[in-house]
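What follows is a pair of complexes built around chain A, which joins chain B in one and chain C in the other.
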Partner chain A sequence: MTIPHRPMSLTVNGKPVGPIDVPNDMMMLDFLHDYLNLTGSRFGCGQGICHACTIILDDPVEGAVEMRTCVTGAHFFAEKRVRTIEGHATRDAKGDILQLTPVQQAFIEHFAFQCGYCTPGFVTGTQVLIERLRKTPIARADVEKTIEQALAPHICRCTGYVRYYEAIRAVILSTPGLVSG
Partner chain B sequence: MRLSRRMRLGLLAVGLVCVIGAAGVLAVLFGVFQPSVVSDAVNQPLTPAEMAQLVPRGRYLTLAADCAACHTAPGGAPYAGGLGFALPVGTLYATNISPDPTYGIGQWSRADFQHAMRDGIGPGHSYLFPAMPYVSYRQMSEGDVDAVYAYLMTRQPIHQASPRDSFPLPYMRLGMAFWNLINLPSRGFVTDAALSPTINRGRYLVDALGHCGECHTPRDISMGMIPGRYLQGATIEGVDAPDITPAGLARLGFDAPTLAQFMRAGLGPQGVTTFSMYEVIEHSTRYLTPADAEAMADYLMQGAPPPVVVTVGAVTPGTEHGRQSYVAVCAGCHGLNGVGVPHVAPAMRTNATLRLPSDRNLMRIMSDGLPAQSFPDGEAMQPMPGFAHLLTHQELVDLAAYLRSTWGGHPPH
Partner chain C sequence: MNKAKLSRRGFVLGGIAAGVAIRVNFLADGARADVIDNPRDARPAWIGPNGKPRFRMDAVAKVTGDKTFTRDFRAKDMPGWPTAQSNALFIRANRADAAFESLDLSVLGADLQPDRLVLGEELVRDGLMPPDGAVVVAPGFYGDRFLVLKGETPRLLGQPVALLIYHDFPQFAAARRKLRFADVIQWGAKTGYHPPPPYGAGRSIRVGGATPADADLYAPLTGTIVGGTFDAQGVVWPAANASGNAAEKAMAAAETIAAGIENAGPDALVLQRRFYSQSVDASAMEPDNGLVWYQADSGRLHAMIATQSPYEVATATTAMVAISKFKLTAIDLSIGYTVGYGTKDHSIFPYYCMIAGLYGDGRPVRLANDRFEQFQMGLKRHAFWIDNTLVIDRKTQSFEAMKGVFRCDGGGRRNFSPEVGFVGMVAAQGIYYLPRSDFSYEAVASRAVDAGSTRGFGTLQTMSATEIMVDEAAEILGVDAIALRLKNVLRTGMKNSQGAIAGGQLRDDELLVQMQTHPLWTGRAERKAVYEAANPGKRYGIGFAQVHKDFGSVAEGAITTLTLDPTGLLSMRQHGNDMGTGMTTSQAMIVAAVLGRAPESYTFGIVDWPEMPLSDEGTVGTQADQDALAQNPRWTPCFLTSMSSSNSAFFIGHATREAARALLRFSLWPAAVAIWSEGAGGGQFGPLSANADEIRFEDGHLTAGGLEPLSYARLAKVAHERGLITGVSVHSFNRWQFSQAIFDVPTIGTMRLPIDALSLRFGDGAGGFRFIDRQQVFYPEVARMNAGVTYYSGMATLVELAVDTASGQVDLLSHHSLLECGNQIVPELVSGQIQGGLAMGIGHALHEDLPLYEDGPGNGTWNWNRYRLPHGRDVAVWTQTTTVLPPLSETDPPKGMAEVVMIAVVPAIANAVTHAIGKRFYATPITPEQILEALS
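Up next, the complex of A and B:
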């Protein structure tokens, strides 16, 4: 007996993938890990709570949307564009990293992560927040509250929230156009 | 100008009709035609000793009557009111029923409280709006209302005014005199000698304290509950309060023992309570004694057919698209075969929401999601995200059709 499967195509980190046969009920995280060898997105709780597995869905209408890949089927992403943690930094033709994003750089400079397991999720969540603020800036007084609301679903078992949030605040305040007033 | 005798008589008759009419209106406004169910005995205040003795019973009854659902605003002080009800004509706010003398009921006498609860008339002959379920509380016994009064008077007085309603007309309260004329039953609770004491107790809990009919009985054009369609289900706040007649409950998969358990636990094989019913569990029915919950269930399930068992429907070409969406965004938590994950997401296989006649509640939940819920005994369910921004309306419709035909017992469309 074969596992029911069907072909799918999608765009991952700007590159077309597929058509490729994927089991109908395979979760996106397994597809990224096992089919594309993109192992940066983490399997944490496996039930959509910890957000270590989030990637970015670039929706033509909604813009960047966080998606939990441990509870979302691979076929949901058929014909869609996604960015995984591997796709944030700028790379050269060989795939080596040339430059980290401001978010990644700030996390390093603020010693934001400890064990690092939740970091791909935090980078993803912060990137989505930054892109949202680029479209709809917020008042300076609302920065802290906005960070807490946007990143609240991301769980860090080392409880390193303070330095994560400090790093995110630094990125927001040092990036032109995200804060008004 | 001389009027003929016939014209004079005619004018006199018109005048007389006007006077009688005006007298009638005044009589209605002063409640002449509205019989009170409150006895004169309540004019005698309770002694401090009597009040103190009633408090424990009052506490239980206040929970069973779910006073907090409306009179405690989310995050607000207990019984200080403030919860708003957006109605087509404006917003009405629940009042402060803490014993504060200025803003609460601290100055209310025993009789004032009895008349408010059971006649819908507050101190100073001020008509209550029927958002306060006095039509149901009218069936409460005098002793039970006394006990609630005694309990509320022991609560912390909260010195906080309730917001005033935003109704455009100042005299709308007077109109309630006429509403009462049409919709207020003349009598309180009458024990049915043909039924067992347990069933009578259940009926009292359902009709008087639990005021289940306020949401589950459809209302007519005057917004009064339609007696002939008792508990047959209604649409309220944009969602369906299900049919909870015996046949309706059996269709949702309940029998009396599981219903009693469900009312105290807030969840079961039938899924989790949603929308306002979650708050009913949270504030009220979870505190019922097992005997009372069983009495309510026994009454509600009287003569019910056995619980309907739904056979799993096959995926058809018409539901294949919905199945794909289910696998894509639902199965991660609810399971490929709809069995759910304990403490995470409820099972779909036996979920009552899928069995409802309409897909209104299902569509609303799939679109907007549900907040995290906690239940008695440490049970909890994770928040469910909404999918309105990820799935198109047609995809949501197809998904609902798949769920309803696979596990809800509905024919595929």
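Up next, the complex of A and C:
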């Protein structure tokens, strides 16, 4: 390979990955798709606009952080821990799904998506929101506004957002400790 | 043999490509959902205990990041494929006014040069040209060249000039980044633009009788749609002649309408307005993509393609490759879930994927647009220029006549441009009865990125204009805008602008009446006053609009096969594939409604139908053509249609329902009677008089008239042991009316069914399916092609918004919609479609806009950073409401509604902005700049 590259290691969905030689300027999304065959995080715009590509960076200080992988280099994640959409549900040793997260369960029960291309980004953004609310609960009156603000960057072309937002509200209101007062 | 007159399937199967095996698989398997909850339960987990879907069939796979979309797949995921995959990209023209001379790829340096560079000359030498289209077999449907030849001027912006293939992914990714905005094409002298000739023109003219019930004096249904030709000045219509041929008579009728408008006296309001509806990118989240592997030695072409029309892709690819230098013995096409809103239906992109694969030197090649490339190549919604005249009797407020001239820009490839113009034309009357109408369209060519089948198919453009005009007419006449609509609404039995009577009861009047009493409408003056008093600098408006839209097309062919295995498990094979609408879920629920349970296994997107050996070879231009072709019991006017035109619920659902009914009557009922009749005196069945009409399913068991409930397992065991019918395959055809045929069904008897082909499997199916040649067939008359429409679903929308007079920004406060769509198969899916359609309509009305030419998407610099899609904050996500009109009865068919739901909100927003600031807008999108200009 004549393209500048260097080895990197990271933890993906709880499992160590690497060291793998990765081009210095490769985006994380390409790394996930074409090196790890984790294609659930979706390419939408390549500009960080639509947020279909987001994953969770588990930062030891800040906790869960939503990251756009189409505009973030793979090497940024070296030695870090990330969760992709494939790592949210509980799976058995074969990879079959045992249990969905409450966010995923709410999305499917609310018929929240149609084509589903943007769904991994919405799951990711919502999961980060839920984990933030666990640390910093909000007042009931602020739930809708909080959802709007947290998910505002995420683009969905099929559904008009209503069922996504309603599902998120249902998760927030049914999960103890996320809403105060 | 005149190939131009053959349908695609006829050409492929009867012509040069005879013998090529075509196989299509649906690779993304929604059955992964079954592992959730209770895997020991035979019933798929997506169905709840009440038999209703708990979630979409594909929900779990999609929410967990499983490979579902075509774009998710790589060669290493494809069974039997080599794992070493190449990747390809295009160099695309960002000019269309000069000759392409050469490429300068020095920007790539020595390290990033492609492993394979394919130029247009090589394709021509190898005999590869774009296919001619399938549903509409038209030369130039996809243009004349895949790649621009040296010395030639691109016919459209964004047209590829070279294909670059890389074997190494990092090299590919790096090269793509370097090439993204690089100027690597060497251009020759300016040549001017070289778009193709105009794509077509048509005119629909109707003069009704003295009353709506009287026979028309002239109408396309009994006359003709007039075709136009072109000269240097534009469209040329036939000369008028009241005693001439059908077209000349039509033009004579047009002259009477024109004279009536010209001579309208002071008692008439003659409202003339011009509108513009912009070019829009559908922005399906999954960009176009495909993965193709060609085995030169065996002649097998394997492909995984994102498409709404797999049948067209498979057959047209066969035709395309068969006349090239490449050996072709088989096409193995896989498809996944995808999304396109029409733009992946009859797109040229799959054929570019095939080209990439053919030049992959034995390696699978992936061609996947990024978003810049998708803007540069993806099919667009047509820009429309509309010139309308509406004549209203001021005294009676009755619409007397309407004339509409519609010009749409199809860009540089024909695609469906004439058809989009046609459908927009026949929809222009909106929800109104027009005693006289003269609508015409002109589909022109240009250097713009090509436009095609995009959600709305021309109707959003023409109906929005009509609804804005009617709102203005009401204002001028000083009457309530909904009352004016009610006065003129098309009622049941009235004729549309082609002279056809819609199927079933029209319910537009019900929608109007309900919306007229909605608090947003009745309280709009008071609300406006209160809001504006409380919000200085803001202007408040309420707008209303209502449309009804056709669903389906002039040729809808569908197949469903249902089989019963010896243990009682049901399997379904279906030609439809899921674009995100949830059709896989809804088709399964259609089966459940008839058979008391959804199939346990299902396969969608099937093209290869050995059990349905039909041909659609031959052109149906006249009734005599059809009568002659229909003599062949294995002929149908249309084998399979693509996923488009909101066609899954009604048309594909019809085939599914009829297959289920046939299995019930031909298999389950005879098996049940056999079981019930066991024993002396005819068993438990003998003393009773139960018949098949009394079949009911209780907890998955079949019963009737007090007879013992029977499990599927018992019924299947008997059906298999006794060699009864255990599998049914039906083909249905619709041309604004369903075909019917008479069959002699073995073991059952002779019967007339609303299908045109039937195939049956007996017992264990060892002999395969047996095709039952029909005894007589009743196809819709060919004149139905002129009817344009007989199936409508209706949508009314009220919008409440505020305009910021300082910024010109429009803030949607709330909206309420009322939909009429018959019976809902899965209400949650309908609701999602409504909400999504509204969001897309909001984008069209307020946000989305593309310049057509050099500054537009063809220049390769467009992405979602400058093309504004609606976000959650833009759609009144928490305050929007929707009601679906209850069906007339539980037997109402489910109607197509995916397109109609996005249209009414567009003119409703325009009308609301007018209510807010007192200025009218005749072009979309309505931007803050335009509002500020209007306010100034």
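Everything below uses one rule, namely that the second predicted complex is superposed on the first by the 179 of 181 C-alpha atoms of A that agree within 3 Å, B and C clash if a C-alpha of one lies under 4 Å from a C-alpha of the other, contacts with A are read in each partner's own complex, and residues count from 1 in each chain.
The rule we apply is simple: a residue touches a chain if its C-beta (ideal position, glycine included) is under 8 Å from a C-beta of that chain, and two chains touch if they have at least 3 such contacts.
Given the structure is predicted, the values throughout are model-derived calculations rather than measurements.
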item: First, second, both or neither for A:Q47, with chain B first and chain C second; value: both
item: Contacts of A:T2 with chain B and chain C, given as first, second, both or neither; value: second
item: Touched partner set for A:E62, first chain B, second chain C, both or neither; value: first
item: Touching partner for A:I172 - first (chain B), second (chain C), both, neither; value: neither
item: Chain B versus chain C as contact partner of A:L133, first or second or both or neither; value: neither
item: Chain B versus chain C as contact partner of A:E109, first or second or both or neither; value: second
item: First (chain B), second (chain C), both or neither touched by A:T72; value: first
item: Touch count on chain A, higher of chain B and chain C; value: C
item: Touched partner set for A:V123, first chain B, second chain C, both or neither; value: second
item: Touched partner set for A:D25, first chain B, second chain C, both or neither; value: both
item: Set of chain A residues, in rising order, touched by both chain B and chain C; value: 25, 27, 47, 49
item: Contact footprint of chain A on chain B as seen in their complex; value: 324-325, 327-329, 331-333, 336, 341, 344-345, 382, 389-390
item: Complex contact set, residues of chain A against chain C; value: 1-3, 5, 23, 25-27, 30, 33-34, 37-47, 49-50, 52, 84-86, 88-89, 96-97, 100, 104, 107-111, 113-120, 123, 144, 148, 151-165
item: Interface residues, chain C side, partner chain A - complex; value: 32, 35-36, 54-56, 58-60, 62-69, 71-74, 76-77, 111, 168-171, 173-174, 177, 282-287, 337-339, 341, 370-372, 579-582, 828-829, 831-840, 863-865, 869, 871-873, 875, 877-878, 880
item: Residues on chain A engaged by chain B in the complex (per definition of touch); value: 24-25, 27, 47-49, 59, 62, 65, 68, 70-73, 75-76
